[in-house]
């Protein structure tokens, strides 16, 4: 291949803002426990939480040329999502590319590979979730693709899907499902608020969620000591 | 199986407080260099140091039902220790369960699996040592065990054993050995204080520990350059 | 073997200071993208950046005896570089050895193994880059070597080579190449400053680096949607 | 969700047979170097080579219930492709399920998890490519999905896609692209046969592929020794 | 510590022979899905299946001295189980130690570390399950323990426990539970034989195990295509 | 850089043949337990044992161009040693390159990356030790180096060094040390033959190596049971 798809449909900014307010764990639950990237995708600094529309970028191992191509396709509110065609931890991305993305209003980077200049990126407040921190440089020789469907860190991502990222990792929501997911997330959050109060007051989940009968039916036994087994 | 052992013997709070004051590395040394969990068990935020009595909990992979059961068995000063029956990084534990444990006076969680809501847990000051940070949700379908002897991250833990956890990792001390371990830790610490002063003053460990003779006996040679070998 | 080489040639302090000012990523690029340690070598706390002359130390697995020997060979401005002869994550190094190194003016430790007492090391401001944080203690039974050429975390290091370490990892520069590398790093940095300004102003790397023609020659196609492929 | 899609479109048996004859490496190249599962997917015994139409199955961690559901959807010539919703190495599959699949004419199993009874599976000649060999048993409590698009070991798989598996690993070909891929594979194979003869006769790839000019243009230098650098 | 416990109680040879006949997966199931070592414990050659009484041996990292001590404690029918006190892949064991164990009637070795001389061990027919194959030599400097309770590859093992090992991995059965486990294994095997015939005849597990009603109750839906969702 | 060093000094063929006869573990011991590659370097089929003179080749990640360049520098009896400049598992090497190397009398390949066509390579009897088996293809865009000193899988290798590889892994012997290493290996082997006979006859290593006194001095205690501790 080697194509750049220039017209992609982005999600509603209002819905994206809602998704951002909920964070990864809630969004993941709200969409039926799917769409998570692998647990090795970690933020370079704690405390960031972003959501945005995915611009996807597939690169060759050790070659960051297509990231430069992808920058041009980014718009304010986007999140750039990069994956190599085979596993690679090289430092594809540093402070100059971050300056460029920031100038375009991009909210952050998700990269299934390595990143460098992390001290500067932290100072800039440009959040990155990556597989590794690694200073290893890359070349600019081999083409790849921008804005095609990719698999990044175990999750399928299409351009225009919604990325939500925080200290818990990275979640992907299909654009068409976003409205429904946000709605469910609102319900879930509302429900959690009331639960949290009761739990903080010392009530037990066993009682709040009414678990005791079902546990007994399954055969759970309470004994004084293992000798009673 | 599928049992909850309700009567366990806890260690002396005074001894636990002593163990907490020493931290993981000293306690580990004081008990003869045993009882450490694997190095992949990392705190979700730096700076916490806790010690407490273990409540153990064995869960099925991807299923956190038994953690709800275990909460009820916890008392003030306890530390909950959770391990799945086969390797799993799912996010078994989040802010609601933390609220519940905190309400009961539990000091922290040790989990050989994943945890989520880590930003909130950090805000709450509820420390967790885990194998992974991962938003992946779990189900409530399969029974497990509470307060039976388990192996967690390579270390054997019995209910009522003492857990010590800090930035260096997680150590386990058998309840019956705690008094002796605390005594040895006190000796070690006293010894280290005096050593530290001499080292800071520039004295060498080679001399303080009287190593030079034994090194020579073993055959260590000092040469000007490799050509002299 | 089992030798301690006592006379090593150190690099120019001025050049080392220059290398420190550039950091790992720039130095690595300036020397032709070589000399990096593996990405698993991580700092125990963020924000440190050091450069110094390597004192090398080869230890047996689970045995830190030779680190005590190596301390004596260290001078102000040095960085101690330790690797076991086979993979090991044990906690070879803690606050007492750090006190000793600090007393001698050593700038930090690079260890392809584990470290402990990291809370104290952080308080002391003694930076360490390591493979693991692990409280596991070590013995003092087996000889090793000090100041021989070693391979540490995938990188060849000779005594007197320059180590540069920061949040991006650890780089090694051969002593003889340092002057040239610093010169190239200066050029690179100057070049980046001007680029950074243009990128921040919204200019694209595609244009600044004149990439469009070569991308087209290689066959990159811009299409509206994948249906046009 | 929790659905079983019962009507899927399968690829042409003739094209599948062609793909099988070429093997993984050739098919992967013929489709533009995409569609490979991760390198950790290994056969339980050497020498098997299969191709077939994918029946996909998404399971909960530690729960093989849906494999029983998936069996019914399998037809002769199919290959069952199973992935858990989060990483798991449990032994989801053994000799009884293999007997059932074999009775239905299924050619093999691809599972991004563990398998057991591998000695019996080897005796039966039922090939499996898996992430692990692990006797750990699973439960039957949680629903999943059959014949929906999945990501398995880093590769996107839709039901009816073609799986090719041999000692080199596992490749996925989209059903719609199969004819074109087979055509390209034929060309590639024909080309390789002629190349192979010349290489066996001692001709160099440098000459056959005409690489010398381009290498020189890029700046490759032949020198007698590193001193000449 | 540093002790050798010389009197251990071994299990009944008849029961051990039964356990051997069933293999790892069946024994693991028969004892309630517990007692498995980690999936990284692999045989050095395929096809071996052994069961025997455990002699346990705890060694220092990179130090095989205590294996020589453990040999003397071994009797015909035993299996030697070795674990280092911290993770290590060194080659603790080779053909000479195997010759010694073989002369004493020991059936095989389980080692949570490395082994070497595997070609010779294969020729000798001396089976080993290990974490790694690695030629790295070890020293003889540090004491350890023989016949104390250990944790090996995630499983607790006491001297005199029964080890079962085959191509599926390694299982541990507590000596006191062996009779009951063998009994359950017999039931399970009998049950499987009848199931296997029906499955080979094309009957579905869905029907044999009567799963359809419960699947429907849980909400599983059969649909023609995803559009019907 | 990007150089091909055309004149390298090779070791004596007689000494290489001796090294081959001893195998990896003995050679490694004979040279003082150094020079081993990492344990992840595994043969693609069991039973091969080779030794030869190293031709080194440094490649970019995902780019096998320089292997074609290296082939021309190979002579009968050589072993090609390839490492990428950053970690990569791509399939750099397949049956065509093997045909080319075989035509030149090369004995095998050591590659710190992936290999493919392993079924064909096995049929050809061309042995490869690699980090991975992976069908992923590579490009030909970026220069590297041939016959410069490299670090491969943790071991330093200079062109003309001796590679020994068998089922235990891969060892490197510096050319200048080969004669001495072979001599020591002969002594070691002679010594082992006599030991082996005594061990097979049931004599204990404890007695043959005279270990009992030193064990007692170190404090090893023999006790009937742990209660006597």
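Miscellaneous remarks
As written, the chain order gives the labels A, B, C, D, E and F, with residue 1 at the start of each chain.
We take it that a residue touches a chain if its C-beta (ideal position, glycine included) is under 8 Å from a C-beta of that chain, and two chains touch if they have at least 3 such contacts.
Quick caveat, the model's predicted, so the values are computed rather than measured.
Listing every chain that touches subunit D and subunit F alike gives A, E. In this structure subunit B contacts its sequence twin subunit C using mostly different residue numbers, the overlap staying below half.
By residue number, the contact pairs of E-F overlap by more than half with those of exactly one pair in C-E, A-D or D-F, and this pair is D-F. Each chain gets a centre from the mean of its Cα atoms; for subunit C and subunit D, those two points are 39 Å apart.
Chain geometry summary: the mean Cα position of subunit C and that of subunit F are 28 Å apart.
Annotation for subunit D: residues touching 2 or more other chains are 1, 33, 36, 85-87, 89, 134, 136. If the chains shown are joined wherever they touch, the resulting network has some other arrangement, not a path, ring, star or complete graph.
Annotation, chain-chain contacts: A-B, A-C, A-D, A-F, B-C, B-D, B-E, C-E, C-F, D-E, D-F, E-F (touch as defined at the top). Subunit A contributes residues 60-63, 85-90, 134, 136, 139, 141-142 to its touches with subunit F in the complex. Put simply, subunit C touches subunit B in their complex at residues 1-7, 45, 65, 68-69, 71-72, 89, 91, 94-97, 99-100, 102-104, 114, 116-119, 122, 132-137, 140, 143, 148. Contact residues on subunit C toward subunit A in their complex (touch as defined above): 23-25, 28-29, 33, 36, 39, 42, 46-47, 49, 166-169, 171, 192, 195-196, 199-202, 204-206, 209, 211, 215, 218-226, 229.
Of all residues in subunit B, those touching subunit E in their complex are 1, 32-34, 36, 38-39, 85-87, 149, 151, 154-156.
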